[in-house]
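Okay, so chain A shows up in both of these, paired with chain B first and chain C after.
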Partner chain A sequence: MSDATRQLIENLNALAAGLFLLTAFGIVAMRQARGCLMLFIAQSLLLAVSAALLGLRFDSGHLYGVALVNLISKPIIVPWLLRRVAPAELYTRREVDQVLNIPTALLIALALAIGAYFLGIPLAKAVGPSSVGPNVPIGIAGLLLGAFTLTVRREALPLLIGLLAMENGAFLAGISIAHDLSMLVELAIATDGLIIVFIVGVLVRAVAKQVGTTAVGELASLREAAARNTERAA
Partner chain B sequence: MSVLIILLVPLVAAALAGIPARRPWASGVTVVACLIVLALAARAAWIVAAGGSVTAALGPAWANWVAVDGLSALILVLVALIATTAGIFSVGYLAHESLARAKLRLYHANYNLFVFSMLAIPLIAEPTLVWIVVELTTLASALLVSFENTREALEAAWKYVVLSLMGAGFALFGFLVLFAAMHAAGGGTYTWTGLVAAAPRMPPLLVQTAFLLILIGLGTKVGLVPMHTWLPDAHSQAPSPVCALLSGIETTSILYVILRLFPVMQAVPGAHAETWALVLGLISVGTAAFLLLQVHDYKRLFAFSTVEHMGVILTAVGLGASAHYGAMQQIVSHAVTKSFCFFAAGATLLAVGTRDIAAVRGLIRRAPAAGAALVLGGLGITGAPPLAVFLSEFAILKAGISQGHYVGAGLLALFIVIAFFGVMLHVNRMVFGAPENGAAEPEPSGPHGANGSRLPISCALALILAAVPVLVLGVYIPPPLRALLAQAAAALAR
Partner chain C sequence: MGERIFYNVLQVITVMAFAPLVSGVLARLKEMVQSKRGPSIFQPYRDLWKLFHKDEIVSEDSSWIFRFTPYVVFVAPIFVTLLIPVLTSYPLFFAFMGDMLGGGFVLALAGFFATLAAVDTANPYGPIGASRTRMVGFLAEPVFMIVFFTVSFVAGSTIPYIVQQKWVTPIANFFAPSHVLLVLAFLMLILAEGGRIPVDNPTGHFELAMIDESKSLEYSGRGFALMKWGGQMKFFVLLCIFLNVLVTPWGLAAGQTLGDVLLAMPLVLFKIFCFILVLVFIESSLAKLRLFRIAEFLGAAFVTSVAAMIAQVFLG
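After this line comes the complex of A and B, so read on.
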């Protein structure tokens, strides 16, 4: 592979990673539940693109495998599974009041992304030459923004997407630092994501039936009066 | 014989429990499967304790993925033991007629899958695969937590799933970083032993980052403060036998995964894994001890006590090598005592139909068996002599003082004493207290009220079986168990 091609591949990978970061911000801010799902699908496709490009760069069949698994499981099986197990109203929900308003949430998300950069660069350096491009810092940013989504959203679907986006983030960083993880592990992790969707879908259906809402984040009856302050603080 | 049969049994049982048959079928399948697993696990632990080795016996490719040493054998046999007693307790606990048969089948299928995932944690030696089975424990138990299908149970299950999986996301990245660290050290097989061997050559920054990510990520599922907020909810809303599994052994088996990293960290200069364990452990014990004082629900009482005990184990690990034996002993005594506590709580719930501490008074007169069990459980879990927890906590404190950790051991002792008063204050009022003036005896209500104060035979049997180790391990530790504990403690150091 000539230097120019390698450079081109790395640039394209950086572009995919950059767009990945953008989708992570989108998931934090998007009000419509369906929009969140679309952003998540776009994010998973970008992850697959990055994996395929790195596969080309390092001539690693294993990374092509990761790309393929991501291409099939998240954009296709996840929405299908959700349609099967979760109540249909999940998609139509629009979150009016989030825990934080959107500009504030985006500002905090920005701070997290900058923090991820300072965490990620030394890590990528420590791994050595096998880590290319901005995958590690952007992956960490994806992980943190996913976790942040979990703390600010109340609707079930965005919360589920937040969980899956965390995994995407871990993976985006993972493909650049752990190229040759065994394929069995890779497949198992993909399957795990699907089980998450299934179980969460079943739970949401039960909540919708029993409590009459899909805003699961608003369930808060289980607290001792005195414990409330301590637990909030924690 | 391949050790993997242990994993096959609960899988088969999960499938069999799904067969639509008469009521006793699904419960019977679970109990039989658990007994088989217990026998197999005890045999494996016996072989390991005697210095032998247990393998997958499926060729060299599997040798990397399946390995049993003292530490994993200890966890394996504890999972099997608690699964068995909780399985027996489930029979009577779910025997009320109002429960639909399909729901009962679902319970038992899920129960066996949950047991499968917990048995897989100690057996598997490849860290990322262990991460996956840790995920499976969450997913298999989520529907067990929400089993009662009340608003509260659903809320508890939801918090449990979201926070556990959120932690798992960080832990996954941690395991990937660990893999990268191993790669940077020149490769080798990615297993617990491979990691320990490669540790001196790994870049310290990567190992430390991975350790912190995994400590925080899996620590969420262990219930370490401040990531514990979901635990009292999930561990109180689930059906009592499931609580016994969740609190008694699931938390410990996840803690086991964190403990696996300590020998790796010891090879890294300036890593301070022990300090992290000590600080996080003491924070957990202290916070839980004070939170114990103000609970209103007796199942939450025992759930907070689990947070406390996870802290005690982690503190013991942080106190240094001489406390490691005590830490292992604490794992055993906590598992057997906490599961007994939840059986006692379940028996109480069957008798009175409420979880509210204030609504239960004079239990010893209304339901003598449940009352006596609650007292034994309360005394046992808070470390009253001569019961199992007393012996292990005493060993930990002694080791801490002999190592010169006066502040750590002193704080630990103080928090344990506070927790003792916290638990016993509530238990004492519930069991011996006179009904308050004007307050009528609460009418049994909900799905648990039907049995009145008569305890189902299987529940009584489970209580008796579970009480044996609580009583015996406080005065006598059989030599094979002692050998196993010593081996397990040795696995925490290089």
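After this line comes the complex of A and C, so read on.
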């Protein structure tokens, strides 16, 4: 492989990682539940692209496998599963409220992403020359932003997507650290992710049936306790 | 030396001559997307011609600022044209006077005077629009700064002629994450600063909803023509910075002969036409944002520009 080609592949990988970071910000800030899902699909596609490019760069069949597993499980099976098990109300509602307003949430997310630099660069240095590009720090930033999404969202579907985005971030960092992870591990992680989606989807469905809403952030107190309080007040 | 001055003047003439055409083509294409025929693409020229031959009426209660502003608004983009690459990829005679940051300041001066003039006449709609423009402006300002700082961080300079070489040699640099994210952030800025659709509706005729247009409501005749022409040239100059410096630094004249420079003219106009197609697509597929959602739109632009910066830092 010539130097120019290698440089091009590394830059394309860095571009995929940069856009990955952008989608992570989008998941924090997006108002619509459906938009959140679309951003998650885009993020998973970018992860697959990054894995394929790194596979090309290091001539590693395992990374192609990672790309393929990601390509099938997240952009295709996850939305399909959600559509099957989650209540349709989740998709029809346009506005999803947050704990913080959007500019504030974005500014905190920016601070987290900059903080990821201090976590990611020493890690990337410790791995040595086999870690190329910004995958490790951006992966860690994706992890932190996913966790942040979990804290600021009050709606079930964006919460689930925040969880999956955390996994995406860990993956993005992982593929540039370990090129030759066993295929079994990748498949196990992918299946795990799908099972999480399935369980959360069923849970949300049950919650929506019981309470009539999927805004789980508003479910702050247990019903019996609330009932007892009202009795005491009466 | 002599020909460099001549080419510089030629750049100014290009901007002055084709800026109304750009807005005419843009308006026509938007109407065509909506299945209407729309006005001729030369309509902006006819408007300007008509306005220059009309009487100008100036309120007795307005001060000198109101009379002076059209000239500032008209001259500022011309001044910026002297600094940036419109036709040539090598610096021309006046290019030493300022970099991209300087150009931004000159355009901001025009905006400042337009705001003052809008408040000056005490027409109730002028100050509303002026304060809204300032709101969009101060939200766009940090994005502008981060974009320029990232550019200078990556390319080692804020001089547009040096920056544009950075993205194409080697070609792998074109796909660097910082470059692509910068382009995205700057695209959002152009939409905000040019008063295009997710932020402002340029074809709206309802005074209460106006942002950019209401500043020139009180002008008539020659003053209005200058304001209009100045606004069109400002948009053209922003497009030139965006396309010639950031997105596609190809097609500019590298040779010194007059033929090379004249050949660059249709190429640059073709690039602008391609971008207008993208712009029409954006404008036709989005709705105008509510006023307080603009902060979120520009917040997204800010995050994109900062992401461009940290992607560059993360490269190691």
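The definition used in the following text is that the second predicted complex is superposed on the first by the 217 of 234 C-alpha atoms of A that agree within 3 Å, B and C clash if a C-alpha of one lies under 4 Å from a C-alpha of the other, contacts with A are read in each partner's own complex, and residues count from 1 in each chain.
We take it that a residue touches a chain if its C-beta (ideal position, glycine included) is under 8 Å from a C-beta of that chain, and two chains touch if they have at least 3 such contacts.
As the structure is a prediction and not an experimental result, all values here were calculated from the model.
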Here chain A is shared; do chain B and chain C fit on it together or clash? fit
Partner chain in contact with A:188 - chain B first, chain C second, else both or neither: first
Chain A residues touched - chain C or chain B, whichever exceeds: B
Where does A:61 make contact in the superposed view: on chain B (first), on chain C (second), on both, or on neither? neither
Figure out whether A:117 sits in contact with chain B (first) or chain C (second), or with both, or with neither. second
Is A:174 touching anything from chain B or chain C once the two structures are fitted on A? First, second, both or neither. first
Smallest separation in angstrom, by C-alpha atoms, between chain B and chain C in the superposition: 17
Mind sorting out which residues of chain A both chain B and chain C touch, each in its own complex? none
Spell out the part of chain A that touches chain B in their complex, as residue ranges. 122-123, 126-128, 130-131, 139-140, 143, 146-147, 150, 159, 163, 166-167, 169-170, 173-174, 177-178, 180-182, 184-185, 188-189, 192, 195-196, 199-200, 202-203, 206-207, 210-211, 216, 219-222, 224, 226-227, 230-231, 234
Going by the contact rule at the top, pick out the chain B residues touching chain A in the complex. 126, 128-129, 132, 135-136, 139, 142-143, 146, 149-152, 154-159, 161-162, 165-166, 169-170, 172-173, 176-177, 179-181, 183-184, 203, 205-206, 209, 225-226, 228-229, 233, 237, 287, 291, 294-297, 300
In the complex of these two chains, what residues of chain A are touching chain C? 4, 7-8, 10-12, 14-15, 17-19, 21-22, 25-26, 29, 102-103, 106, 109-110, 113-114, 117, 120-121, 124, 133-134, 137-138, 141
Seen from chain C, its contact residues with chain A in the complex are 170-173, 175-178, 180-181, 184, 295-296, 299-300, 302-304, 306-308, 310-311, 313-316
